[in-house]
Amino acid sequence: MSDTLNKMLGGRQGAIGLAILAVFIMIVLPLGLDPFRIGLIGKYLTYAFVAVSLVLLWGNGGILSLGQGIFFGLGGYGMAMFLKLEASDPVSTAIQSTPGIPDFMDWNQLTSLPWFWEPFKSLPLTILAILVIPAFFAYLIGFAMFKRRVGGVYFAIITQAIALILSILIVGQQGYTGGVNGITDLKTMLGWDIRTDSAKYVLYYVNAGLLIACILLSRYVLSSKFGMLLLAMRDKEERVRFSGYDVSNFKIFIFCLAAMISAIGGAMFTLQVGFMSPTFIGIVPSIEMVIFAAVGGRMSLIGAVYGTLLVNFGKTMFSETYPELWLFLMGGLFIAVVMFFPNGIAGVYEKYAKKVPFLRKLSEESPTPKTAQVAAVTAVEIKEAGVKA
Amino acid sequence: MSNTDFVLAVEDLTVSFDGFKAVDKLNMYIDKNELRVVIGPNGAGKTTVLDLICGKTKSSSGSIKFKNRELTKLSEHEIVRAGVGRKFQTPSIYENLSVYQNLEVSYPKGRGVFGSLFFKRNEAVVAQVHKIAREIMMEDILNTEAALLSHGQKQWLEIGMLLMQEPELLMLDEPVAGMSAKERDQTAELLNRICQNRSVIVIEHDMEFVKKIAHKVTVLHQGKILAEGAMDKVQANEKVIEVYLGH
Amino acid sequence: MSNNTRRHFITKTGALMGALLAAGMISGSAFAADFPTAKVNTTKLAVTDTTVKVGILHSSTGTMAISETGSIQAEKLAIAQINAMGGVLGRKIEVIQEDGASDWPTFAEKSKKLLVNDKVATVFGCWTSASRKAVLPVFEKENGLLFYPTFYEGLEQSKNVFYTGQEATQQILAGLDWIAKEKKAKTFYLIGSDYIWPRTSMKIARKHIEQKLGGKVVGEEYIALGDTQFGSVINKIKLKKPDVIYAAVVGGSNVAWFKQLNAAGLNSKKQNMLTISVTEDEVLGIGGENLEGFYSAMKYFQSLKNPNNEKFVAEFKKMWGPKSVIGDVTQAAYLGPWLWKAAVERAGSFDVDKAAAALPGYELKAAPEGYVKVDPNHHLESKLRVGKWLANGQAEVVYESELIKPDPFPKGYQ
Amino acid sequence: MFDYSMAEIGNIVVMQAFSGLSLFSVLLLMALGLAVIFGQMGVINMAHGEFMAIGAYTTVFLSKVAETYGIVNYYFLFAIVIAFIIAFIIGYLVEFALIRHLYKRPLDTLLATWGLSLVMQQIFRSTFGAKEVSAVLPEWLMGSFQPTPDIDIPINGVFVLGLALVVTVGVYLFMFRSRWGLRVRATVQNRVMAGAVGINTKKVDRVTFALGCGIAGVAGAAFTTIASTGPTTGSLYIVDSFMVVVFGGAASIMGTIASAFGIAQAQSILQFFMTSSMGKVATLMVIVGILMMRPEGLFASKVRK
């Protein structure tokens, strides 16, 4: 068991990094910011789930999904359906032609709840659906693609097309989905008002806790033999195959896991923001979420969280003061990260932290053998240096 | 054809790419503990034959039987698990991992998704890694990152990774390419050692090296077998001389 | 706003003030001293002795920037005019502008910022229904005030929102009546972009056509947002030969729709069309030559002939350049600040509850569109006009209805 | 369907066939530039749509100029050439500044060009305004051609179809019949060898990329006749463009043509019998389904890898 724990914490250095992150998001930010800003951070942290999933999938597995918004959206819609049913009790919807169903269904002449909404009357079933449906969907996509060895660019483009299809479908079937407006006006969860400041704080901490749990789970996966194989597959897929591994199964698994983590983020998003809309399933948010991971460092789980916070903070700040400049900055960020900082914040940290005596001491004392993750980051850096030279 | 004692029986094997027959009705039989060398000019189809056996390329027709089990219908990882190991022409190792990790990844346990998630580094694994590392003369550099190895060491490491799987048939594509004379000698010794309890197919151009290791030699030309037999006989074969020197 | 335009403005507004005063738009100048801050602001809004903060929340980036820019400009114009006249209860209006970036969660986030952090007294903003739906819970929870300018599908009424555009029945019914009579139309083909506003509008239109006009709907078609290929749709229309096409296509699709319709030979000489989604703003992208002879049903057209409108158009062009055009929503957005000013002055307080309670029943007689009256359901009683598009991108008003009461939850149309 | 006479149905079939052809030409024009860049160089250019917007804005700008000089009837062909040149030059610069550093990292190119597309969109917005604009078209491009009184064939559709064919033949001749094309193909197949025999592979890359961008510019100019021009116009086309190229099998120009034709016919027919938005969804689903079965696309040849 202690071995498992050690793997999750990622050795001493990993444990310290995680502790700093936990202190930062659970103590420093809540103390330093007003409730409004905390609400924002809470929203950003739900995106961080997607960024973490992309570190697993893209950074370590080399699989770039431009459709992570699909899973974020599925999780978010699952939660939104539950909350909407609770908000649509017969009393508060008395003015409708059919009281007791969500308002948008009534506007679209539906007279009874569609069958696939039924399970979402129950919270346990909703939570199950939030975890299982995205994973199952990912399994279907992954099975079809990875078994036929669709990878790289093709995978990226096809996931993007699927995101587009799904968002057109949701917009088009508005009687069942709420259409382009999404599912809005969510109020309570089991009678507990999710819109109050105190509820926001509770949800914030639940969210932060879940995020850290997801990072621990991801750490465990990455430090197991699975993680080593993932890296191996990214760099030499053929060799892994000819070492007797069914590469596609590994890819399917990591894709499903990434989908599940993204879906948790989506569900927490709905809870904190109070609605869900099809804009999250589309192409643009899916690509933006990739940049969160890239800014943080595509190999670093913790970096992904910082990257998400940094980009979103920048977006909010800049769009308050210089809305016209924001797109330049965002676009420039994509280019700069790819060209100059391929390992993002984590890469910069790795490079310069060694020069700070205190930090150097920390990393030197970290127990050997060094984790695959660190090894890979350095190796990529060596390669980059080669490219630049 | 019925069951045989051969470890590998290749019969009527054909593959064509857009009409061009890279391998044409090939028949080849490998004995237990045999070390076979396949030679032939460029484009003769040598690498393609290995690709066909290990499943990288699917045959157009014909059969490949390994210990009387048909391989043409199996996928790559199933063929590996059946006991066939394959080394590629250019060293194919995980440069980002250490020598130790390279070997450990190749250990034939924890090959499933969940097996790998809960795989534990126990004493059997450590012992096997050290045993193989000794065999390939790399026991003292286990913690070195593979990217930093010399070209020859990379070739050995890849052979070591195959040995981790305890294959019954080992296929090596140009194992001494890019090696120094001393390294070649060491590799020859290594190959002679490891074919004690398994069969080995080697593709090689270096005739001196072939002489040192080959039990039997097969000469391929335009996807067909030109000659087969002991090294000195093959070297004396007129057709072989013509192919190598004629054009 | 640059210094230059501001100066411009102050000198210009002097002239306008007289006209507005005469028209009864201003209830008399108010001085801050008569209204001590402690009294007019009991809910800790951002009101000082000399200033009051308000928010403008539209998309200045992203896909919706195309549409929302006009609203921002109109709201800024109205605010500048009000300030030039001495402000509201003697306080100058300070604008905090936020960008919703065409992204609904961003709208929710920014509205919360405006209400919670900036404590603005009111917000002028939103364009799409989706953005309004996203901010609505925030306004209700934080008890803010929103003036929403776009014509929309109805089915909503909130104590925190005033809807200065028309709801669906106001825009649809009279227009259909007119064209059915004028063109003796019996068969209609309904086409819209695939989202809630066109779908709700078409639902109302279909009921009206089938039940009140005794006509027939021969086709109903929805286009994915952003789709630009209409070949097959146009062929379907040709097959059905409707008397009238009733259209609510939006955005980039709208441009493609008209260009391809014309190219397929369905111009206004051969085909009647009444659209509820083309204002002067859209004409820029579509091109007047592609629209010539088709009809739009709106409550406002830039070409409306009345002194208030002519002034408004002139002022707008002074401030935002001679090439700017003004569409229905832009005019409705312009009403927002004026209505808010009236609300605050009638209530004698900036408090949201008091101001909101004071507004219903208010008659704004000198709006560019003419007389409007705030209904108890927070929508405006207004007229509907049908404009026939000319090649120069302006519309000739060919029909003007009586005043129509707003009815956001129309019985018999749901 | 039985409420109509045979003649009416016949007319609709003719016009429907043309609208399929017209969609084919649109998809082909969109995808050709991408087929050159993605198919030949393996670069994912997410800013492809923005290069089309460059062409479109060039046309709009020139139409304004033409209007002031009263030469609206003549400027359009000229505008297409200028659109090509401007997009070509910008593409050339982009390759030099950005793309050439990323050849070994295709997924990273995808992200960098996405960033580029955001920057370009904002440049359009700052320069030309957020609103959509329209080019004034010459008389001869407007209206329809009527072989019989009941059949209308849109002239702009015919024009786009013609242009698509001209550009396709041009690309074909360039790639397969010219010295330059030979160099491009040699570089694609074996960069080191091509370099060794004296081909300036860097220059080849740059010209190939710029050519792809130039073709996108032509497409953008042509599309001003049928659709809108705004800062985010480009993003409407990007997924469709990639679908056509990938579906056809990346490296094959024949494949791109066939796939544009197939997708256009499918979409055109589905949209006739379903609602337009569901027709679009059905088309995309069929493409994704087929790509899952046959990931290498329709026209990839089987070779030893």
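Think of it as A, B, C and D in the order they're written, each chain with its own count starting at 1.
Here is the rule we go by: a residue touches a chain if its C-beta (ideal position, glycine included) is under 8 Å from a C-beta of that chain, and two chains touch if they have at least 3 such contacts.
On a predicted model such as this, the values are computed, not experimentally measured, just so you know.
Engineer: Both subunit C and subunit D are touched by which chains?
Structural biologist: Common neighbours, subunit C/subunit D: A.
Engineer: Taking each chain's centre as the mean of its CA atoms, which one is farthest from the centre of subunit A?
Structural biologist: B
Engineer: Where the centres are mean C-alpha positions, what is the separation of subunit A from subunit D, in Å?
Structural biologist: 34
Engineer: Please compute the C-alpha centroid of subunit A, do the same for subunit C, then give the distance between them in whole Å.
Structural biologist: About 38 Å, centre to centre.
Engineer: Distance between subunit B and subunit C based on Cα centroids, please, to the nearest Å.
Structural biologist: Chain centres of subunit B and subunit C, defined by C-alpha means, are spaced 75 Å apart.
Engineer: In whole angstrom, what separates the CA-based centres of subunit A and subunit B?
Structural biologist: 43
Engineer: Hunt down the residues of subunit A that sit against at least two other chains at once, touch-wise.
Structural biologist: 168, 171-172, 324, 327 - these are the residues of subunit A that touch more than one other chain.
Engineer: Which residues does subunit B have that touch at least 2 chains other than itself?
Structural biologist: Answer for subunit B, listing residues that touch two or more other chains: there are none.
Engineer: What are the residue numbers in subunit C that touch two or more other chains?
Structural biologist: Touching at least two other chains: 60-61, 194, 222, 224.
Engineer: Could you please specify the touching residues of subunit B with respect to subunit A in the complex?
Structural biologist: Of all residues in subunit B, those touching subunit A are 54, 56, 75-77, 80-81, 85-86, 88, 92-98, 100-101, 104-106, 108, 110-113, 116-120, 143, 145, 147, 161, 165.
Engineer: So in the complex, which bits of subunit A are touching subunit B?
Structural biologist: Residue positions touching the partner: 3, 221, 224-226, 228-229, 231-232, 235-236, 238-247, 249-250, 253, 368-369, 372, 375-376, 379-380, 382.
Engineer: So in the complex, the part of subunit A that touches subunit D is made up of which residues?
Structural biologist: 58, 64, 144-145, 148-150, 152-154, 156-158, 160-162, 164-165, 168-169, 171-172, 283, 287, 290-291, 294, 324, 327-328, 330-335, 337-339, 342, 387
Engineer: Residues of subunit C touching subunit D in their complex?
Structural biologist: 60-63, 65-66, 69, 194, 221-224, 226-236, 238-239, 252, 254-256, 259-260, 262-267, 281-282, 284-287, 289-290
Engineer: Using the touch definition up top, name the residues of subunit D that touch subunit C in the complex.
Structural biologist: Subunit D residues touching subunit C: 4, 8, 11-12, 15-16, 18-20, 22-23, 26, 122, 125, 129-137, 142-144, 146, 152, 154-157, 225-233, 236, 267-269, 271-272, 275-277, 279-281.
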